[in-house]
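The following pair of complexes shares a single chain, chain A, combined with chain B in the former and chain C in the latter.
Let's turn to the complex of A and B:
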């Protein structure tokens, strides 16, 4: 099987960039080899779908806006009513979800090829992201595991907090290189490491 | 005026010296100096020339309210005009120049305007440039002739033409409490709020916290108030729940407790660290706002009040206490209230002598008398300044007896030598942000000032901004407003007690001819201008503002509004409260366009790349911005023109085979048991009858019956479809569909997902296209039986899973091949490799356009928001078996009118290109196209026809076929004969596509 190309291309330059004299504020990395599946429940099947996602992934979440959970390479979070993004490093994620979720319960759309996942981590991650997104990134408003759907200019992004100072950004693939450039620009002030 | 540096005092760092240049001359200052304080310390008193009259002007204030001392900062080729010298912090290498003068500040030829003063009174433009109805100067012609001279003669600074190399950033912030200002009120309010555990943001426009405390002569907790403020600020800044922003001006207050602020991150630094923005634009969303914005001292209007050396009394104090600068060697104060005595007390303590205090009042407190006595100042009660005398700087003033009750000046004039006159006309709470938030400011008779309107959001005004004018009351008020739950321990304050009420004296009007008395210093609006406006009927404050431009300069009338309104109220013989005030608008102080634009420029402007983008670049494609997309326009060979390239590419497609990147087409996954029903409703034609594994061309209308979009939709399963849209309409179509599902038909069980980014697409077109696929596709045949027109197969190219649909936009035998976007380049390269033996060429948008024009296929140029299916000859797609969006409106008279424009083809008869956008006219003579009966939507050279051709929308289109007309594009000097033909200009029967 051919390998999925990174949409970041030659713009992904490993190393340290920006104002690193005072340390590295954030590290940026592209998460590769993930299966990314969107699951959408019908209005009356949301709890059942969440249970099914739990059985397929081991990640159980409540039906509340923006809730999510992270365990290693696996994650799930809700980003719209009845709509969830499920991610795992295993190639059979779609198969397991299709086994657990029939058409009566909801629909499944593989988005693996359509999203670029960028992880930003480090003490300045909230600061850098706040330059781009009108979201409250403080931990009491945006807890670990939770997800948000938002925009930077014309670029749609799903964001999940995966640790106290780490976030995964799910960017539409065709915008990914543009967004990567913007993100690097925003991170120059605090110094950043790629890779 | 002989200003100088004091031996002690101020928060400047005297051990270090900074060198800077003003008007080409080198000066020195210290860290902590503003440009104004440093120049004053060097004895410079002339800072600029006034707006209209080119009068010499000096520093008037010491902060953001400064109307006079505007300068241009120069950094290489970059010029930043209209910077307040009172806020510009100096640094090594700073270069500044004065404004609105020629050839120099000292010798400004345009000062001749002063002689023509009466000519330039209020309404000058309206009266002078309203031309007659007839004649050579009719209408606005005279104005248009004069404008460039006037613009040069009057105005502020001049912006440069060089691109701004600085970077600007945005920042989004959230907090429970935002405190604006860090005077005593702001600090105590912030401390109180922070003690409750709330997330607090504190914004201070100056480099240091403290506000009025920095220059105060009071004692707080028995200590220097500036030190007390600094320590309090450091304590707050160290709290984990507090973000303390200095050099940050909150300039806008909007609905939903959203406030905008500009942080001057590096304006004041000669060298910036990598990635550091010059300015950062904050958007702060807060639960509660505490506006502790202080108050502005306002002047008294009197003849000659604009001379360099005349300044606000508190500014004299600030220069002494904050920067260690004596604004003059022989200072006089002119006041209608007690605060000038506090200035005298503080200056006296700092070793700055006060020669005279002129007070319009006859009865003042013992405290004030004692201060004057201690300061050694001559006290002239019941007097007013009636004239000033100066060359380019103040040398003396004239005082006379003044009756504050009648406003009458009397008695013999007396001249007093002074080089600096500090004026205090009372204080106006800085209610700008409160006013922006809505409501009508309320007049306070005691303070003779407007107070904040009633709050309709969760904000409060605290301290002197709320009308509390002594430090004890300020602290107490702020502590209450910081939090209802927690009360901070208030410090002790050692300060004399003053009466905050000024005498209601705004203007001194001696009898007879006097010097000009300025109200708005920045726009050169005089008291006479306001009275003239009254006489000419402009009574409303809104009319007054616009007729005279009072308060419309970059300082937004911070020092001029109340005196101006008072003079108008006096003219109208009504109370000020009845005259009212205008509402303050953002920004509080000017905001750079760079800060507003943020990062949305150049490489940082969002753009979209297809999965095959890098291949296109490596193949030498000339890229084209199509909306946010970067798409190949042509793949030019060396020496080829664009036309030659697209002709070669299009010809190859017709003769052999070509490949084009169609990844940009909008793609929407539509799933659910009601998906087919949903499509039947949104498309004009039927989709529920479409078999699995087949695609169909669909047409969408808007609700009003106008064509919205077109594209093919593929049935991938019983309940799953893949809709494709035009590239430009991908977003709008998605919104359209979501709206109908969410709001109109929520009962339908259908899910929509944009999958544009999931799929890479290549269209392979031409008589050899099937052969190319047969040589590289596995897991499915692609012959006519297996893959008929509009058929779909799932197959592989190498180890890449692909979906192939046989459809054509070019009119040739053609296929669209889709794979996961991450495999896009690999699939594309495999197709190129397979096509090489057949002479395959990649083709770009120009060839794509050429092929579709030849075939008469429509795109956004024809689906322009005005055309119907009938106009585009697509009425065969309108189902009569079912309703659909737009069907109810199709029968409208206007949409059935025979005079509507409809689609035709054009062939150039002079073998010259036809310009897109040309009008279609009957007249062989080029002239204004009054008889236009259509327009060209798209044009190209057709290699298939060997002619220049075009598509056009023409009145009575079908009946015009065979006629001659002219394509007229007078803007580009083009007017050529054309023949109107069918829009199907090539292979009308479609035999090539179905072959």
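Let's turn to the complex of A and C:
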């Protein structure tokens, strides 16, 4: 698979930025070379589709709002009734999902070229994200593996908590550079490292 | 105002788009009764109290919701998926 250009372009400046005198509050990075697939089940096929996603990825989740799982580079989470985002660092993810999920079970939409995935990690990640999104980012309300669909002003975002202090943000590719800049401004207070 | 989406949980109203009065019923599509269509398109009861209305969670799960809201206090007494409250062929 040809490598896709980063939408962040010249705004992706590796190094330390902001108020780093007291340490690094968060690190920001773009996750590259991922396959990102949206799977949508019909209303009566959700459990079957979840089983199929499990057979294709090894990640099995229950049909509960926002539930998800993370295993290394692979992840899956629900963000709407019957709708799931599946991500893996392998180019054959779409092929495996299509072989497991027929049109009778649901639909598959490749979003690899349409999304930019930004990972924010570090002790201040909840603090920085709380400036941008009206969500409760505390771990009791937003557990590891779970996902949320929300927006920052008019920029839609899918957010998955991938670790105790790390989140993946799935942003529309066309808004990614603008959002990346905003995220950097929000992180300046705590000091951040890119790369 | 906070709306508790049945899927996403409590979210700020900025994530939602108002989609209109859910208490009216659309006339038969073939109807040529001008007064009936006029009532459907323009007449609103605007009650001071409980009101059924459609909202779209455009900034979240993108589901259509049926919200029962007090028009004077904005207190929301129930939120459910709109599809669970309309039957096939419903003309709302």
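In this text, the second predicted complex is superposed on the first by the 193 of 195 C-alpha atoms of A that agree within 3 Å, B and C clash if a C-alpha of one lies under 4 Å from a C-alpha of the other, contacts with A are read in each partner's own complex, and residues count from 1 in each chain.
The rule we apply is simple: a contact is a pair of C-beta atoms (placed from the backbone, for glycine too) under 8 Å apart; a residue touches a chain by one contact, two chains touch by 3 or more.
Source: prediction; values computed, not measured.
Student: Once the structures are superposed on A, label A:177 by its partner contacts, choosing first (chain B), second (chain C), both or neither.
Tutor: Once the two structures are laid over each other on A, A:177 reaches chain B alone.
Student: Considering only the touch criterion stated at the top, classify A:134 as touching first (chain B), second (chain C), both, or neither.
Tutor: In the superposition, A:134 contacts both chain B and chain C.
Student: In the three-chain superposition, say which chain, chain B or chain C, touches more residues of chain A.
Tutor: Residues of chain A touched, chain B against chain C: more for B.
Student: Check the residue A:81 against both partner chains and state whether it touches chain B (first), chain C (second), both, or neither.
Tutor: second
Student: Thinking of the overlay built on chain A, is A:62 touched by chain B (first), by chain C (second), by both, or by neither?
Tutor: neither
Student: Given the touch rule stated above, what does A:149 touch, chain B (first), chain C (second), both, or neither?
Tutor: The answer is second: A:149 touches chain C but not chain B.
Student: If I apply the document's touch criterion, which positions on chain A are contacted by chain B in one structure and by chain C in the other?
Tutor: Correct list for chain A: 134.
Student: Can you name the residues of chain A that touch chain C in the complex?
Tutor: Against chain C, chain A makes touches at 65-66, 79-81, 83, 134, 148-151, 156.
Student: Which residues of chain A touch chain B once you look at their complex with the stated criterion?
Tutor: Answer in residue numbers: 1-5, 7, 9-10, 18-19, 21, 38, 40, 42, 103, 106-107, 109-115, 130-136, 138, 141, 152-155, 172-175, 177-179, 181-182, 185-191.
Student: Help me check something: in the complex, which residues belonging to chain B touch chain A?
Tutor: That would be residues 167, 169-174, 199, 273-277, 283, 285, 599-600, 603-604, 606-611, 613-614, 628-629, 663, 669, 671-673, 719, 749, 751, 753, 755-759, 798-800, 820-826 of chain B.
Student: Touching residues of chain C toward chain A in the complex: what are they?
Tutor: 7-9, 11-12, 14-15, 59-63, 81
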